[in-house]
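Two complexes follow with subunit A in common, the first pairing it with subunit B and the second with subunit C.
Right, the complex of A and B next:
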């Protein structure tokens, strides 16, 4: 193995990338597009949820309660219904997601028994939105309830302490505003790396076959190991540049905090890139057609990274057999490391299990990839 | 004329029959993806790993914490004895929620004063954190209300006081158990159909051009319109079969109900397939090689998937992206497919989306046919 020959191979490959508009497009434009699309498009935060209200009492009390919904930033009253039929139509059409119904005996029951109910009919088609909307609605009604209690207690001339004996002091760590962008963006980096890395390298050998340059490559005095290292070096560099771009873009454009160390991020990214590039190279050697290689590459990298890495869907909520499968998904370790580095500021010690798992993967894939390429023409 | 179209259709099916890889692609990956999506795509919040620290050790503190033990929303994984242990558990991600009761908790409560109940949530996964926090507030609020009622009835402050409470009674419609699979499984049917049919149509035409057989077709007595029809009819039929296959599999495996009218779903599917076929032909007129056609996956299909509202609500997106979603056929189809599966609504609720797909389909097919004819000349 000689450095000169690896370098020559790398320069050749770099020139080939530079002159292929398609490769350049994937390497440069794709990260920007994905970052903008996913950064803006992937959000679970709920604001201005369309609400329909049906006030069957129309009293001062019921109006005050509904005003609390209007005042909340999470809800927006878009319709005042006059009957259940209108509510059904709106929910069926999806013009509102939540309907608040105040019963006709709202104030009366409050005066008689001290307990009264308000109905919240929620469109549960989108279960997650429904869940969050119900949580916010509980909070609005809860604060109204407390206010009503204070008023009643005050009228009875009793001390106020008895109203809310428990005070929940909640503190959110690591992502203080509970912004879903802070949670999604670190994962997107893994997604982009997997996409770019596997896509580009999956073409590198099959291109030689399709363009007929394979015979040239076989007859040049380079060893298979040198071919692999030389071919992958430019892609490794591109991957690192893309990662750096994503980091800068995420932190300065989207305002995601980065609390870890750059060196640890570099280490994790390098290990991940070795795995992704290795897989792409391996597929490329084994499958001679460019399109076939690209498709297999996509199936093996993008799908697991999207679904099983924990980037958006929490792993601990999956059924146990699927959880077991996620340990085989190498992106899982990178996504965990990225989130910890960005939000928790974890160091190399806390991330040791993830880094170790990726190192094992990287070694295994590198071994397989190095053995895959043989210098013959059949 | 029908005879000539029919021959092209037969030719396409023979090509498909010969291509083992293509047949495999039509059956296995969609079913595998349905399985993976069905199991993995979930935003539900159950058994949140929780660490507790009870530094009061009284009847009151134990009663409060036991309420967290008896719900399937939380799972107590660790009982800490110091604040440092709590912090370490959250740092290491062993627990996502920490419940801390300070000394003097019961004393304050018994004296009728407000007692703090400290909750720490790992916000890394903002969605889980938000929902878990909602459950914490619900359980603590219930405890608080019960305790206040208890105090009032015992007349601690000398009087038998009256309490006032307003409760919220949540009534989830369409999906009463809030089962996330009812949301995702119909969505997967739409997404898979989009990806499959667009890439299939595009690559079939591009391949013909790459191999050079498009010239042969051009010198045959086929008219351009016949050629396009003959090329698209097979993919239209494959699309219908694919929807039936994936939907039946998803319903049987994940027990997702179908409440609506199958004919409306069929109408929606037909309109949706027009859009996907138009998109496929359009891509084939832009791309010169199969490799380029494949890359369109990332630049066309991936954005469509993200913007469709498949898992992330469109209403949470910035306005510019929301406008873009109106150009996405999948957006309308997801409304129709979820509307028929889960909501069981009819034409009166779904007509705007069916209309949207009709316009989009007509536009896409029109432009693509014009461009395709030009590329033949």
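Right, the complex of A and C next:
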């Protein structure tokens, strides 16, 4: 293996990337677009959920309950309905996601038995949002009922049967303001790495075949290893630059905290890049058409990274068989490491399992990729 | 024989090379030896097996059977060693169109590990040879065919290889550029470079020291153009212009002393045992069939005539 050949190969490849608008677009503009699109566009937070209320009692009590909804940051009362028909229409149109109906005997039943009901109707087309909305609604009603219970007891002058409710003081760690952006931005780095790695490298060998340059390349004394290292070096650099860009942009533009060490991030990113570049290269060697290679490249890297890495869709909410599959998705380890690095500030010791898993993948893929390219035209 | 001696004596030797693609035999037991500084032309129609033979010698394809030695190295066991000692120009233009002239040269200079201190001088030589001085920064895709071809040759000789394989280097290039290209090849050969070049242009065969006629995978003949003409023809060649030509083609083979008849454009090339007798006898014979002879004379055979004589039906292109 000769350094001069690897260098010649790398320079040539870099020049070709530089002169190919499509490659440049993916390498430089795609990270920015993804950052803006996902950073602003994807929010899993529930805030100011539009609520429609239908108060069939209009008493002091019912109004107090609804005020609690209004006061909550999670809900915003956008409509006061005068019948079920209006509620149906609003839910159909999507102008509200949740409807709260207070029954006409709300206060009466509360006074009689201390137990009363409130109806909540939720638009569950988006199950995730529906679940969270129901949870918050129950919490609002729950806190109202606790307060009402205590108040009622006092007013009737009975000995205080004070049922101390379990008071959970929750304190959120790592993502203190529970912002889904903090959760998503680190994961986007994995997405961008997968995109750059798969899309760009999957073309690198097929381009030589399609343009007829492969024949001459094979006739030179360059070894398959030199070809691979030389060709992948510029993409590795692009990947690292993109990762650095994402880090800077995420921290300074979106205000996502970064608490880990840059060196560990670099190590994790390097391992991940070896895996995606290796896969892209392997595909490129095996599939001689550019279009085919690009599509399979996406299928094998971007798709699992998007769906099964836990970058946006939490793995522990997936069905157990799917969860088992995610252990095979190498991006899972990188996403876990990224989130831990950004939010927890985990070090190399805590991240050893993830780094080790990625190292195993990197070694295996590098081995396969290095053996894939054979220097003949048979 | 040591590798060095082998290289001095015959830098390229092939013994019973065979290449099969499935059922199809592209190269069928081809053997030859090429001496140092020789220019050997592979001549044959498209699909005859010229490119396949060259690719095997460059280590790009593995022979199905047989063996070959290039620059003293076995092409099967030491293909990388072979590649270090050869320059190759493929049939299809295969430099990088999105790189400039000097970027292409620097790339191949790197792959062949041309020493840093001689690379600038070699690059300058290649640029001048290609006639591209002043256009070093032009993208190769923007160059016309003749320049591309000469630049490809420039890339192939950057590392001063003792052996050059040129696979139809002049196809699709204008006649003036072709002539310049052959001048370059002769200059290289004078410096001791061994050149194996394939072509389907018959006239280019005359530029070679020896010609290998290849047809349907077989080596039909290998000799100097002059010797080939003398030996292979076995008679004298007449040119006959006559009307209607179709009747003449049917009638002539039956005439006494006529060995072979072939159409060349608007005229006929006729191989006869005795030139003078034929010139006297054939016009009356033809006019008896209603054919009017406008011209009949003895001509020097061309490689094309040899090819038709040896190979028969399948005929390479005329320029």
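A few notes on this one:
One rule holds in what follows: the second predicted complex is superposed on the first by the 363 of 378 C-alpha atoms of A that agree within 3 Å, B and C clash if a C-alpha of one lies under 4 Å from a C-alpha of the other, contacts with A are read in each partner's own complex, and residues count from 1 in each chain.
As a convention for this text, contacts are C-beta pairs under 8 Å (C-beta built on N, C-alpha and C of every residue); 3 or more make two chains touch, one makes a residue touch a chain.
Just so you know, these numbers come straight off a predicted model, no measurement behind them.
Once subunit A is used to superpose the two complexes, subunit B occupies space next to subunit C without a clash.
Contacts of A:4 after superposition on the shared chain: subunit C is touched, whereas subunit B is not. In the superposition on chain A, contact of A:15 is made with subunit C only, not with subunit B. Contact with neither subunit B nor subunit C is seen for A:200 once the two complexes are overlaid on the shared chain. By the document's definition of touching, of the two partners only subunit B reaches A:25; subunit C does not. After overlaying the two complexes on the shared chain, residue contacts for A:221 are found with subunit C alone; subunit B is out of touch. In the superposition on chain A, A:212 contacts subunit C only, with no contact to subunit B. When subunit A is checked against subunit B and against subunit C, the one touching more of its residues turns out to be B. In this overlay, which is a superposition and not a single complex, subunit B and subunit C have their closest Cα atoms 16 Å apart.
Across the interface of their complex, subunit A is touched by residues 21, 25, 29, 33, 36-37, 39-47, 49, 64, 90-93, 109, 112-131, 133-134, 136-138, 140-141, 143-144, 147-148, 151-152, 156-157, 159, 161-176, 178-180, 182-183, 203, 290-292, 294-295, 297-299, 302-303, 306-307, 311-313, 315-318, 321, 335, 338-339, 342-343, 345, 348-349, 352 of subunit B.
By the touch rule above, subunit A contacts subunit C in their complex via residues 2, 4-5, 7-9, 11-12, 15-16, 19-20, 211-223, 375-378. Subunit C meets subunit A in the complex at residues 55, 58-62, 79-80, 83-84, 86, 88, 90, 92-99, 103, 106-113, 155. Contacts from subunit A toward subunit B in the complex involve residues 22, 25-26, 30, 33-34, 37-38, 40-50, 65, 89, 91-94, 110, 114-132, 134-135, 137-139, 141-142, 144-145, 148-149, 151-153, 156, 158-159, 161-180, 182-183, 195, 199, 203, 290-292, 294-295, 298-299, 303, 307-308, 312-314, 316-319, 322, 339-340, 343-344, 346, 350.
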